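Both complexes below contain chain A, partnered by chain B and then by chain C.
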Partner chain A sequence: MAETGRLTAPARARRWVQAHPVTTLRIVIIVAVLLVWEGLARSGWLYRDVVPSWVAIGRALVVTLSDATFYWHLYTTFYEIGWAMVIGGVSGLAVGILLGGSKLMQRAYEPLLYYLGPCPKIIFFPVMIMWFGVGPGSKIAMGAISCFFPVALNVAGGMREIDKVLIRVGRSFRANTWQMVTKVYMPAMRHPIINGVRLGLGVCLIGTLLAETKLSNAGVGFLVIQSYTLFNMPHMYSLLIVLFVIAIGANALIGKLGGLDQIRRS
Partner chain B sequence: MSAVAMPSERDAVPGAAEPILVVDRIVKRFDTPDGTLTAVDDVSLSIKPGEFFGVIGPSGCGKSTLFNVIGGLLDGYDGAVRVGGETVRGPHPAIGMIFQEESTFPWRSVIDNVAFPLEIAGMPKAERYARAGHFVSLVGLNGFERRFPAELSGGMRQRVSMARTLAAEPKIMLMDEPFASLDEQTRLLLGDKVLQIQQELKQTTLLITHNITEAVQLSDRIMVMTYRPGKVKRIVDIDLPRPRTSEIVSSEAFGRYVAQIWNDLREEATRGLLDDESRKLRAGGPS
Partner chain C sequence: MSGPIPFSKRRYFPAILGLGSCAGAVLLVELLVYVELLNRFIIPPPSDVVAAFPRVILEEHVLSRFMLTAGEALAASVLVTIFGVAGGVLLYQFNLLRLATETWVAAIAAAPLVLMYPLYLVIFGRNATTIVMMGFTAGLAPIILKTLEGLAGTRRVLINVGRSFNLTPSQQFWKILFPAALPTIFVGMRLGLIFALINIVGVEYLINFGGLGQLINELAERFDIAGTYAAICFVIVVSIIVFMLTERLERWLRPAG
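Coming up: the complex of A and B.
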């Protein structure tokens, strides 16, 4: 211990780098991007403000975060994403179980889902506006449609992959249908379900925010497109940073759910 | 050519008790692309309470089909399965099954796996954990209660499955090659465990296997099945002293039983092998 105390600062840094190669590489790439960005901002090669300096973005971020109306817009976006996940997730789960549980249903409907799944959902947006209006309703619909497909397809696939012997174990102990679903099928499908929700959340964020930027009167997506229209680039970038943080946070949250199988049940 | 002529009265079985499990002229056919396959053909058995009954046959003789029919997981057969005189269709509480495949629930800890049948039966939490704990220690897994199957060896996982089935306290244990995926030493030692538990709980056991040593080590009687269709070829009484341990495998009498059963089995296994080869030849022939 006394040995370490006498090490010089560069020697200690070198030791830390050797001990944490992954973290070091991550820091290197982030610092490099920030430096290139700042270099571009100061070079004058591009229009002023297209690549604003980090100082300007930082200042804009402070202004954004201290503005009460921003939180109202943030709340609107969360509200839309939340309902979109609930509606899209639950209907995806139900349809997935139906497709996974019946050969006939699978053959009849799964190809449809496979072809509709990758198709850009934004083309439904005009329809959704006519059905649910310009407000949060049409955004929820867009998010829900986006989220539905990955959840349904993952659950259907997961249901078919369940180890058949586990089903026989459940039956041999005379579990009823409800017990089979809650104590065998659902836990056995936990990985595909969580995976579907993770993918679903990603496309749900895309669907909802894309819809907000297209036509809306509230939400973070609306603020982004508004600051773009007003050519307030620092403000726009500060909003993008907020969105990044939300997306990362949401993924981390779902990743945590992935560890659920290690937690004791019942 | 007859089975070793020994009196079939078992000391462990009190008198001429009513059979606890009767399999009456079971016929099970499957429809396959190549036509109808008779997996089990006219098999009848009568097993006394406390008896350890082995079923042995080459692979493809319909042993597992018989297992699933008796366990009530397979329907659409002719004949009847009777438990204590009552005809049963579907899973019966008096019958517990141990499967050949890895069958522990990977998302449940050892104790939660063992408590599963009690949970299904609606037993209160405290009671079911106490009972499950008892069976975990019976199979010698004390200290592993909170571990998950992924953290255990294959032999330990199979003991978890065994404890789980035992926890439901079935009168009859059905085992379908429970040690098939384990190495020989683990298999012998687990066999000891099964014998010890069976002698302690006085359970009636039906063991399905393709391993002659295992069958002779554990059974009071062994039924040898024929290859396709699966019929009863012979029922052999194993008159070896009880209580037994795996040490019995080195005795002379043991060797005689093994030789005798292999004699019966070799013919069937050869037939199975030839059949398998000719089928592969036809499937993979020049086109």
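Coming up: the complex of A and C.
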């Protein structure tokens, strides 16, 4: 302690850098990116405002976050995503349990889900507009379709990995189907379900927001495409930053709450 | 002597059941439209959709649209492979850089990057470059992470064999590390290609430019309902075929055992 007190400021900084090389490198990378960005913004090499200054983006971020209408649009998006997650998640869970619980069902129907899963879901949007209209219904449907596949496939895979002893214990207690699902299957499949929900949330967010950018008059996706139409680039950047923070944060939070980070470490 | 195997236990029964159920659902929709329980202006009879296939294929130049989308996907895949593998190798070679940025790359992989398409429209314009760059952006992170995983997962004994032969760092990389990591790198390439393809067709639809995605948008805007459904079915079939082909290739590359 006493020795540290005698060190000069540069020496202390050098010692901190040596003690925290990863953090130092991260700071260096962030500062370098900010400087290159700012240089590009001021260089005039690109069209004006295509790469706006960080100051302009920061100002737009403050304006966006202090604007009450932004929260109304955010609420609309959350409302659509929430319903999409409930509909897609619950149906995915039910289908996953059905597929995972029967070898015949799995072999008959899982290949269909497996191969339909990676298709670009946004192509269904014209059909969803015809079925559910141009309001929130079609966006909820887009999110639900996107979310359904990862949840169903993860749950089906999780069902097959349940310890057979647990299932035998449930049956020996003469548990009915509902009790088997709630007392045996669901607790034993916690991690695959959480993983499916995490993946489902990511694609649900994309499906819903893309649908909002295509045809909508509310939601954050609508705000993004509106700022493109008005060429308000700092506003668009600020919206994208908010969306990325929300998406990455939600992903990390679900992983943490579900204990997925602990699985990877063990 | 065991008797004949019952039909429900035959090897192909599940596949027949799955496809048969789909065919049954299609027939049910046909019937419901016929008895006017379903509105044919919202859900066309499947027979109309099937009948629309030749018209869509011939009149809407599906082959040239398919080639355009395939070309965009190929360009994005080449870019993604070059930059993704190089990025993974870079992170493997410099451990400090890996520790500092691996979580960032994983976070980027989880971010809804496709929402940047309006930004790309401003930067690159409404053309194929925007679509290719969108595919590239979406497919980059999985390849970086999988390349890193493949290189880091090389068995210690293989690396020690290379050292015992006094291989130079370059020889060690090209003769030991890269071949050992290739199956995992290919998993990343497959993921990258699928992500790129999904985003390419999606952005084509959203910006009404390019190949198959634009076809769906145009038919929907013309209110050609049977044609829209036929085009959607066509895109689904194409993406399933691409998915199956890449899966086959991945199995072929994966070492036995």
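The definition used in the following text is that the second predicted complex is superposed on the first by the 238 of 266 C-alpha atoms of A that agree within 3 Å, B and C clash if a C-alpha of one lies under 4 Å from a C-alpha of the other, contacts with A are read in each partner's own complex, and residues count from 1 in each chain.
The definition used in the following text is that a contact is a pair of C-beta atoms (placed from the backbone, for glycine too) under 8 Å apart; a residue touches a chain by one contact, two chains touch by 3 or more.
None of these values were measured; they are calculated from a predicted model.
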Which of the two partners, first being chain B and second being chain C, lies in contact with A:L34: first, second, both, or neither? neither
Check the contacts made with chain A and report whether chain B or chain C touches more of its residues. C
Answer with first, second, both or neither: which of chain B and chain C does A:L210 touch in the superposed model? second
A:L240 in the overlay: touching chain B, chain C, both, or neither? Say first, second, both or neither. second
Mind working out whether A:I123 is in touch with chain B, chain C, both or neither, as first, second, both or neither? second
Output check: A:V134 vs chain B and chain C. Expected answer is one of first, second, both, neither. What do you get? neither
According to the stated criteria, A:Q179 is in contact with first (chain B), second (chain C), both, or neither; which is it? first
Applying the document's definition of touch, where does A:Y109 land relative to chain B and chain C: first, second, both, or neither? second
Who does A:V63 touch here: chain B (first), chain C (second), both, or neither? neither
Do chain B and chain C touch any of the same residues on chain A, and if so, which? none
Touching chain A in the complex: which residues of chain C? 8, 13-15, 17-18, 21-22, 42-43, 96-97, 99-101, 107, 110-112, 114-119, 121-123, 194, 197-199, 201-202, 205-206, 213, 216-217, 219-220, 225, 228-229, 232, 235-236, 239-240, 243-244
Applying the document's contact rule, which stretches of chain B touch chain A when the two form their complex? 71-73, 91, 93, 95-97, 99, 101-103, 105-109, 112, 116-117, 119-121, 146, 148, 164, 168
Quick check on the complex: what are the chain A residues that touch chain B? 163, 165-166, 168-175, 179, 183-184, 187-188, 190, 261-262, 264-266
Would you tell me which residues of chain A are touching chain C in their complex? 21-22, 25-26, 29, 46-47, 50, 104, 107-109, 111-112, 115-116, 118-120, 122-127, 129-131, 202, 205-206, 209-210, 213-214, 221, 224-225, 227-228, 231, 233, 236-237, 240, 243-244, 247-248, 251-252
